[in-house]
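Would you mind keeping the following structure in view while I ask a few things?
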Amino acid sequence: MELSGKKMDQEVFQRQREEVLAQWSTGKEVNFEEAVAYHKALPKSKVMAAKLAEGKAKGITYTQPRAGVALLQEHIELLRYLQDEGGADFLPTTIDSYTRQNRYNEAQAGIEESRTIGRSMLNGFPAVNHGVTACRRLMESVQVPVQVRHGTPDARLLAEVTLAGGFTDFEGGSISYNIPYSKDVPIATTIKHWQYVDRLVGLYEENGVKINREPFGPLTGTLVPPSISHAVAVIEGVLAVAQGVQSLSLGYGQCGNLVQDVAALQTLPVLAEEYLHKLGLSDVMITTVFHQWMGGFPQDEAKAYGVISWGAATAALGKATKVIVKTPHEALGIPTKEANAAGLRTTKQVLNMLKDQTFPQTEELALEKKVILAETRAILDKVLELGEGDMALGTVRAFQAGVIDVPFAPSRFNAGKILPARDTTGAVRLLDFGNLPFDEETKSFHQERIAKRGRDEGRDPSFQMVIDDIYAIGKGMLVGRPRP
Amino acid sequence: MELSGKKMDQEVFQRQREEVLAQWSTGKEVNFEEAVAYHKALPKSKVMAAKLAEGKAKGITYTQPRAGVALLQEHIELLRYLQDEGGADFLPTTIDSYTRQNRYNEAQAGIEESRTIGRSMLNGFPAVNHGVTACRRLMESVQVPVQVRHGTPDARLLAEVTLAGGFTDFEGGSISYNIPYSKDVPIATTIKHWQYVDRLVGLYEENGVKINREPFGPLTGTLVPPSISHAVAVIEGVLAVAQGVQSLSLGYGQCGNLVQDVAALQTLPVLAEEYLHKLGLSDVMITTVFHQWMGGFPQDEAKAYGVISWGAATAALGKATKVIVKTPHEALGIPTKEANAAGLRTTKQVLNMLKDQTFPQTEELALEKKVILAETRAILDKVLELGEGDMALGTVRAFQAGVIDVPFAPSRFNAGKILPARDTTGAVRLLDFGNLPFDEETKSFHQERIAKRGRDEGRDPSFQMVIDDIYAIGKGMLVGRPRP
Amino acid sequence: MEQKTLILGVIGADVHAVGNRILDYAFTQAGFKVINIGVLASQEEFIQAAIETNADVILVSSLYGHGEIDCRGLREKCQESGIGNILLYVGGNLVVGKQDFAPVERLFKGMGFDRIYPPGTMPDVPIADLRQDLGLV
Amino acid sequence: MEQKTLILGVIGADVHAVGNRILDYAFTQAGFKVINIGVLASQEEFIQAAIETNADVILVSSLYGHGEIDCRGLREKCQESGIGNILLYVGGNLVVGKQDFAPVERLFKGMGFDRIYPPGTMPDVPIADLRQDLGLV
């Protein structure tokens, strides 16, 4: 099959489908028509797209945790706890790392070992192994919409099982669940695999079932400049809508500087709409997702609460539709349900206190927005140019050329040439542009800002600055200043 | 002695001094010349005014907890813990409530009972009972400046003992430690008593010893509009400087709306300088103190961390010189040292992450500043008019007339006629102006803002709105919306 | 129905006035006659007010942590003053520090209080209890 | 002094790449020869790289929580491959959840690791240990 951003051929899809459903025994449980009926019978309060639409209209910022354990009963208890004690507006099901690599045998071993020793040996819920019926048991045990969150390059079977299982939202995308999550998977491969997922969602939509799709915004979570993650979000959005997706949540991971983060949240839907329109794609519902700081956290719980709260405040002032919540255990390990609910409640307190306050439109904000818009457009226009108008083709070529480049990504299909560093106000800028297609004006803006920091710190910008920035929040700072 | 804002006569002061020092046995330990020498031998790092000056110059926001227990050794351990594990930049010594009412016998009973049962039966450190030598043991056990924090209408003996004991900062004032802290004490009385304290500080200054003075900004801590607390802060500042105080920290308690709080922090020193100048008083060093939300807290610790963090963020964006930190135990009881240190670390994390970020000057901010300036000036000009140019006299008359009026204050010398309520963005406005000398423009500004909230909530503004606002933060909101 | 009289106040050297204002308002709204002696109230002031107004209940607030010391002996003083059977309620942040409520409740029960309320109690709780204890339901 | 060779990698299905990048940089700066096999590395890849380069130490990272499962049997495989005595270091967030470090350390000692590092270890710690264990001090 040749790569293109066009809608998948129905026959091709059906042929693949048989293979996909045969990858693990639970594939046999999937029956599309029956699944459509199941979804249609779900109360509106459990349908993600419906609740997101309501929130968007009312200007609400919803909360969602991350959570998943090996066994069904424990997973249900965990989610109910987060709903009841954490007040989570949306629930997740975080998938374990073996399932993410399609290693269902190892996931099975993890399930069995967890049963034997009585604690979860997996870092998430192995939904494929548990199968459709188990997923539905989960849906029926909670009151709010549930989303699949993972990091799976090839998530076709996972999507089949979980969507048939009643999940109404599916995270991920061909770039965002490849580049940060694998080493050896070509982008063309994940684009195809995710076109399958999006086409599946499109089929549900065509049958009157609303499924929300959410590209994973933060990528590697570590000093990713907004224009890079925005470019990826827009591409994945465009590719998804081409397959029939109707409801998109676009994500962005907090960088830490308020003005830059608010600017990022405000520009993200603008850019998505612009490129959807440009490519002649139909109108879809776009909402925004803000991730509290995704990089290294402080080990101390009190400090972690500070980081969490600052993320909540930024989400509220940036008017994100949803905020993904961290926990006071972040630096140390998968959180207990108590720690997870605590992170939610801290977040909610701040959101509530700020929900009626707005961040004023100022010159500084206008400048940040201008920069983000210009940079993202530069990348996206180059992608389209390289792809001769085709986003899928352009994406593969853009990664080859380093036109899109994600910092600290493990994938060998990512150029890995750019180096981000904070400026003196904590905004994430670029120290090395690699092959990003930025014009001279943009480049000198970054250079000046970083040079200013260098002067403030009395040192030349270098890789040491980047390392210091990686550690900074974990050590109680935002900007990684040299130790005095 | 007739009331006036002028510098106390030295003879009058000396006569009073004998009485004051005779109020409790430890008064005998006070020897002024020897105390001056003791202060001069203190390292600069333990002198509040010196460290504040440094912070002001560098734009640092320092942290300070509240803390005090009945027994010296336990109090030392507590403060060292807050210094070492909380990273407190300044330490406090919170005085117990018996001492605050000059009930030294009861304080003594509290000390003895605490010794017997092995836990503090007092809500603070009874410094008068412990005496000068004990205070110095404390100073010598810690590395940072220590301030006396209390709420004592007649703090003359407390000041004598603690300043001789090496404290370099003394909180309180004739209004701020009367109106919220007593029921039956006339303002003229506390003005005289605090003129004594300020004169004592002036004497230290004349002898080359720097003692910082800090009027207690937040008053009753509950929906106090900025112009009310600013007027009080300026009056107490003016009265203090007239007695020879050289270094003033002016405080303000967080209301919760970012723009209003930043405006309050930015206008406070402007107003103080303006009125000091107007009254021909010499230039002094003015720094600002921001109190994290002083009203009712949520019981849940996770939510309390959210409130604490939002206070920290506001302090940082408003560039306060110092922030007074709350703890996750606030709603329930005097915090353990661990909870207290946790509040400090949360605060510090947020301060550090925001220290290089600024809140932009916007139209909204300019408007809030204009309102605060106009209101505070209206009050202060009326005070001076009533006092025929004398701030002390004017203050007494202003309280009689309700020209200054503190909401929810227990004192019968406070009119208690005004009613504050939040507007729809959470800013504190006035529902009832009592006798505040505001012009029509100001009044209609408040009325419009509160009317807007009424419309948003579909109810007429009333005392129920005030009650809802009092409970709101404790229940996880800022604005006390009617339950749906 | 006959209006019941409540004595309301904040005991000892305690100046926390906000909750007192709200309780006054809420009890009045609920139909009780409220005699509010305010903050910084001594045991004697509570008792005297109760005798003077022939009150049905004394409601003591203590927020600042010294409640344990300040409330001791109140029941005995009531007995000495001839109102030994008056209902005594107490609430607020009764002891120093964040403590489990069960032992605190036991402590104050031991001192002769009829009802003891944990921190942050909303007015509807004591209002319901008053109605029950005073046979108004 | 002869340059010592280290095998660095992130074991199992783990993709956390940031710490790996920093360790690579720090060990190289400290004068070691670093063979970085990156993320998603199997036990076999670690051993093969060690044999091929005649390495002195294998440093295993595991961040994502499956370290316990992924690291089991590594020492035995080393023995089978004829490098049974190679130094084995392991660090990261080794188990699922926030746990006390002492039992985690015991667990991995039991699996045959020579040094075990808690979450958030800074590079200077293993660098000092390497110098000691390799007789470079």
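Each chain carries a letter (A, B, C and D) given by its place in the written order, and its residues are counted from 1.
One rule holds in what follows: contacts are C-beta pairs under 8 Å (C-beta built on N, C-alpha and C of every residue); 3 or more make two chains touch, one makes a residue touch a chain.
Given the structure is predicted, the values throughout are model-derived calculations rather than measurements.
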Furthest chain, CA centroid comparison against subunit B: D
Distance from subunit D to subunit A - Cα centre to Cα centre, in angstrom: 30
Where subunit A and subunit C are represented by their mean Cα positions, the distance between them in whole Å: 54
Whole-Å gap between the CA centroids of subunit C and subunit D: 65
For subunit D, residues that touch 2 or more chains besides their own: none
Chains grouped in pairs wherever the two touch, ordered by label: A-B, A-D, B-C
Subunit A partner contacts - residues on subunit B that touch it in the complex: 256-259, 298, 300-303, 305-310, 312-313, 341-350, 352-354, 356-358, 360, 362-365, 424-426, 473, 476-479
Touch list for subunit D against partner subunit A, complex: 12-15, 17-18, 21-22, 25, 38-40, 64-66, 68-69, 93, 95-99, 119-120
Footprint of subunit D on subunit A - complex, ascending: 97-98, 100-101, 103, 106, 109-110, 113, 119-123, 151, 180-184, 220, 222, 295-296, 299, 329, 331-336, 339, 408-410, 463, 467, 470, 474
